[in-house]
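One chain, subunit A, links the two complexes that follow: it is found with subunit B in the first and with subunit C in the second.
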Partner chain A sequence: MSTTRPSTRPAEAPQTPPPTPPDEPPTASGEGGGGFSRRRLLGFAGAGVALAGAGAGIGFAAGASSGGEPARDGVVPFRGRHQAGIVTPAQDRMHFVSLDLTSTDRAEVQRLFQKWTAAAERMTAGLETSENGAVGLNPYSPPADTGEALGLPAASLTLTLGLGASFFAKLGMADERPPALIDLPAFTGDQLDPNRSGGDLCIQACSDDPQVGVHAIRNLVRIGFGTTAVRWSQLGFGRTSSTSTAQATPRNLFGFKDGTNNLKAEEPQEIDQHVWVEPGDGPDWMTGGSYLVARRIRMHIETWDRTSLQEQEQIVGRTKGEGNPLSGQKEFDVANLAAQGADGTPAIPVDAHIRLAAAESLNGVKILRRGYNFVDGSDGSGHLDAGLFFVAFVRNPETQFVPMQRALANKDKMMEYLEHNGSALFACPPGLADGGYWAQSLFT
Partner chain B sequence: MSTTRPSTRPAEAPQTPPPTPPDEPPTASGEGGGGFSRRRLLGFAGAGVALAGAGAGIGFAAGASSGGEPARDGVVPFRGRHQAGIVTPAQDRMHFVSLDLTSTDRAEVQRLFQKWTAAAERMTAGLETSENGAVGLNPYSPPADTGEALGLPAASLTLTLGLGASFFAKLGMADERPPALIDLPAFTGDQLDPNRSGGDLCIQACSDDPQVGVHAIRNLVRIGFGTTAVRWSQLGFGRTSSTSTAQATPRNLFGFKDGTNNLKAEEPQEIDQHVWVEPGDGPDWMTGGSYLVARRIRMHIETWDRTSLQEQEQIVGRTKGEGNPLSGQKEFDVANLAAQGADGTPAIPVDAHIRLAAAESLNGVKILRRGYNFVDGSDGSGHLDAGLFFVAFVRNPETQFVPMQRALANKDKMMEYLEHNGSALFACPPGLADGGYWAQSLFT
Partner chain C sequence: MSRSTRRSAAVLLTAGTAALVLAGCTSTAQPAAPAGGDAAGGPITVNATDATCEVSSAEAPAGNISFAIRNSGTKVTEFYLYGTGDRIMGEVENIGPGLSRNLIVEVPDGGAYTTACKPGMVGDGIRNAFTVTGTATRSVDTNAKLAEATAGYKRYVASQVEALVPKTQEFVDAVKAGKVDEAKALFPVSRTYWERIEPVAESFGDLDPKMDGREDDEREPGVGFTGFHRLEKDLWVDGLAPDSAAVADQLMVDMKDLQTRVAPLEFTPVQLANGAKELLDEVATGKIEGEEDRYSHTDLWDFKANIDGSQGAIAALRPVIDDKDPQLGPTLDQRFAAVDALLDKYREGDGYKSYLTLTEEDKKSMAAAVDALGEPISQVAGVVTS
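And now, the complex of A and B:
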């Protein structure tokens, strides 16, 4: 404080206060305080909004299935049989954070997950992190919410928690580690940066407004201070996959439609078979969960951009304009891997991306892709640092992601233009019952 | 190429072709080609869309004033008396690139600016970079457009060119360098990273869809290959200023409304006085132009978040909720720097940000702020690398930005939470007449 400005703060207010829990009870009503709410700013009922099912007994709220209902610019149910943000129609923007535990105290982590759950549920409903409002009720304490999402809608925010293998090791919970949560093998061509890989846990924030996603991650990181610290984080500015038939197929930074043949929320049997952990798959606590694979894939776009259209299309196996498989005419025509061109060669080349990644080339393996385009400034060598932050959800990474990535790493001609420099695998616990908290089945 | 896939490419197609000018004339109509257009995908008339005024004689097209007309999700006129992207209502997202010349050939740079102009005008109209369409007409050449914006609307894209002091030195044009394009002095506390500072020229892309802005920068960089190379680039995910009274005031990552008292497009006299270079201000070629100051300001948000609400509000000089000056009740109440609180001390503290930055504290200095929030991953020490990419436009940086920044750097209590690690200053030429090209007045 400058000596020229008389302070109105009480003497006991520390100059550099220790982190204050955002849920600190209010002690006074101060200037600018008073249960300020994002929704009130928007003309909705404010702090009094009741969260459906909050405080009720265990049980899934009706309609809160996280089952892929479109919810553009709206509220995606936070609770349900599965975590939201997996089959939820892919939102436009993403902020993903990998965190390391700075504590080995299991009970402390459990308490953190309870706090996180309360804040996450509020934020996905378009509210501030705590019932104390955006600025808090006590001017001598840090505000309960960091404030940058004030006035913004829920924007379809979803928050998805994942646990890395090292989580179980650090907390002495090796017996609870799912066998499917393997250490990913090295793949041909991997150039992994440890500062962009791994992590004890992760939170994926997806929303239609990037400020809403950034706000959510920042506030969860803040609540975790003392128990977790940021290991790496990644912004994605544009979705590269559709996870619903209601969505148009977006384009990746190679300029091609991406995810045409992705699993879709409207195919529940396929989703059950390939995405959700079923009873008997592993430890009971993971039933209803899924595994999240993250790969930061730098794309050498400058080299790609000097490649001929024909070469690009043969590498992908689809046309650049319409996005049809080279065996067909329309985007959603089923790729016919046996089709031949006029010269008797395969219409879809033998090393084309869509052939190698096709279920019929991989004994039926399918994955749910949910990645995002990124540009992270430049690389210092005259090029943009751009690419695809690949995110996929699978029922079992060992039998789904590993064989697919191995085939691509070894044979995909596209690999010439790619650099996998980040990699992580997380177990995403099942969804939250009413009154429950993230990963509760692991702790109880 | 794999030996197992017979190539259908002609023998003369090089395996690693040299960069092909995107405007290479078509030689054949190939698979997937054919004048594909972003607009055609959207159901608009396609490649035949005529650009208003294109090819007409010198003169400003009616209605193309770049004068701040709201154009949400629409097309912002590319041509006009001033460059677009300055008083244009601030779009939601930004991609900014600083480039260095890799050529010292003035005529080559002039030709590049002509090519850039043609591509930029098309992209701001929601079209591909060239009339050859998105994928080009020749499958043996690289596509004319990189493709990732196919199907996306114009999204209010603006592209704004700026020239750094080193531009004039490299091209032997020192006599043309405007005296106002100074070398910025060092400010107290500066921690500038040369890899985030300076640059021979810059292009600011603002749009309401980040993929549209990224696409534009990438394609301009591509067209510039051989003449320019990326020095640094910055994505901004959310605007932190309003430049029109029609816009709500957004919030920065300190959680406060930012730019409440900014210059607005609806105040043309103020804009003329503080933003546009007038005749007699400097070299004639800059008349109608402006100067762009860019500062990458890391915000130590974790420390800020541990600061009490009262402290935060006294540092800013406004409340966090409503955003009113501490001397008033409502956001747009004029800050009364002379107002006193009940205890006789200044209502707006003597070292508050809004006092130090106020025109009345700076002999009437005002600037047009047009910055963006950013999060660039993490810093490797457990924190997010987050902050404000400050962009301002001024008529004269020496008499406007320098005294303001000097006052803030020396006295602003907020500086404790900030780290200025990037800095650059560019001269933005005036707008483009019909048929003219970027910076034409400099070359002719």
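And now, the complex of A and C:
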């Protein structure tokens, strides 16, 4: 979400809201409830101009012009030119779910997206899925909202929808499948588990409170029963990237700062160049969207932990403490790939992770990383099932993610300690205009 | 269901307070009110064979419609008259080869209906369209419809118990005669009737642990593992034991006790709705996991029976559901049909494949179909009480 971006383009001004979807479910309107007024105020708040006016009254605009601090009341605007949860300053927690369609009826899927939108918008505002949904309805009915987020704040919840290649095949919409939504090639060393890979669609929930994110996914999954079924899901407990200069760089489970050189929300031109689908990229319905690459990367942390500090730093290409590149002194010093050590060898080894992933090694390719640490208990061998749930947003996976991952898979010394066992690629539609619903541009 | 109960039910029919179905032997169950049938005024005859279901007339005027069903095939059969959404308007269960049974169904509304014979008592049966013409007078307010719904479900339960008792007897007899293969074949058949009405059958806290308990259930000291699943273990795993016959006898005693206790039960609409939901829960937690029939692996029979029973309760409530939420009924139809279509893939003979043949992918598809059905079913109680 572009809450922190200056308004640089007229295209970001509010557009005429499209009509309310004809089949909007009863929960969608929120007439008279807290959702209505808040939604109206938010409107196109994601666009800088609108934000300045609308935000002043309700207090979430604190960081609007100056950086990536989450809003004071923890509400990230749900609507805007782009979906929230992409350039939104990375929250602390994630619950990610991949779903398969159990219906091939396009209208039914469209109705589900309308229902999801209504519930998602309310939840991102810190509300129940529907008014009084948890305890205030018919006592003979199961509560419409499952209730575990009652009393919790919005916690910067963002919900981001993505569509997989199989979505278009199942719904007979092959013509709408974006050419950039490729089938990812096999990479050296991949050990992909089909039960952790792929999916017709995905929802990424990120929040600063784990229970808020879990509540959101749980309720959306429930609303989807009959039209969608969960294929796999992943919890992440700590962000491994900064997506804003206002955030400190977090550490991954190897103990290293991760995402130092990530794209940042404060670099709008870079974001436009590398993250958002631009007009002409095609298809039109994706303009303003982005592609989400998800990789479940198991880390063999037990063997890593037996590796000397020096070797760890050589593998990464940075120091473990400060996080400076081995060619420099400070974390944010630009890595000098040509620098040599006293012995005449490259200061940053030829097989170091940051060298291989650097834009200058990859013809200028950059990606927006937004991954999370995970520990899913332990495996049967007494080792932690731990790692990095890698999430990246790119404008074109084929020209950005694929060459980067190919280089890492073939040459990165770190691969000895990694196992990619899940993989998926999704097309995230553009943001929602006032009154619109998820992926509306695809259906209309 | 005892004869005296049946007679008092017939009195109810004359009073017109409920759509009533009578199922019984030809010689004993006479209609207490005039019943329409074919053009000549006699009952509509149904000749059921293993492959055909010949109904002498495809049309009847609204009101009480009388069917005379003769099973001239070699398999035990059933006969149904279905309304929209496979709502059971009337049914006769467990018609043995060579036997005849009568069925009187009150059908107050004209429209499209379906007759079905089910040789082998499985599947959708051999179906024929059946048209009811005109409209019979009746009360249409919600309370009357709810009363009709609960009365209809009571009849459904009664019809299942009426088949459950003799089928259990056959199973028990086979066990006691040491006919292991026959007993194994009868085990899932008798359980079908149990599983269809499980929320009712298991409602007696003293009987259920004795009849349907699992080996690992906690019991009072001195109380043994008995009932269906004990016999299941004997038949499939341990071989018949010296006390197997006694366990079988006790199961039959308990079954007759159950029959007596079920007969006077009255149900509320919320109980019907919750029962339909509980049956889905049973499927989700017991059958898809293979927990229930862990020795015989006949879980898919029970799965189907739970679904049938859930559909029976929903069908009874259907007129009320349609009044209150016109979207819900069609959704339920579609989701029930999806589950049935899925289960059909695992058909084998008159029954179902072993649970052991299911792949993880199969189980996942089943779970998704049951989740899809469970959500709208969970809305029914709220809808009918709104």
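Annotations
In the analysis below, the second predicted complex is superposed on the first by the 370 of 444 C-alpha atoms of A that agree within 3 Å, B and C clash if a C-alpha of one lies under 4 Å from a C-alpha of the other, contacts with A are read in each partner's own complex, and residues count from 1 in each chain.
Everything below uses one rule, namely that contacts are C-beta pairs under 8 Å (C-beta built on N, C-alpha and C of every residue); 3 or more make two chains touch, one makes a residue touch a chain.
Note that this is a predicted model, so its numbers are computed, not measured.
Once the two complexes are overlaid on the shared chain, A:R122 sits clear of subunit B and of subunit C alike.
In the superposition on chain A, A:F225 makes contact with both subunit B and subunit C. Once chain A of one complex is fitted onto chain A of the other, the partner contacts of A:N252 are limited to subunit B, with no touch recorded for subunit C. Of the two partner chains placed by superposition, A:R79 touches none, neither subunit B nor subunit C. In the superposition on chain A, A:I301 makes contact with subunit B only, not with subunit C.
Contact with both subunit B and subunit C is seen for A:P142 once the two complexes are overlaid on the shared chain.
The wider contact with subunit A, measured as residues touched, comes from B rather than the other of subunit B and subunit C.
Touch criterion not met for A:H274: it reaches neither subunit B nor subunit C. Within subunit A, the residues touched by subunit B in the first complex and by subunit C in the second are 138, 140-142, 222, 225, 229.
Those residues of subunit A lying in contact with subunit C across their complex are 102, 137-138, 140-142, 222, 225-227, 229. Against subunit A, the residues of subunit B that register as touching in their complex are 1-2, 4-6, 8-9, 13, 16-20, 30-34, 36, 93, 95, 97, 100, 134-136, 138-143, 145-151, 195, 209-211, 214, 217-218, 221-222, 225, 229-235, 237-238, 248, 251-256, 301-302, 305-314, 319-322, 341, 343, 345-346, 349-351, 373, 375-378, 380, 382-384, 386, 413. Those residues of subunit C lying in contact with subunit A across their complex are 270, 273, 331, 335, 364, 367-369, 371-376, 378-379, 381-383, 385-386.
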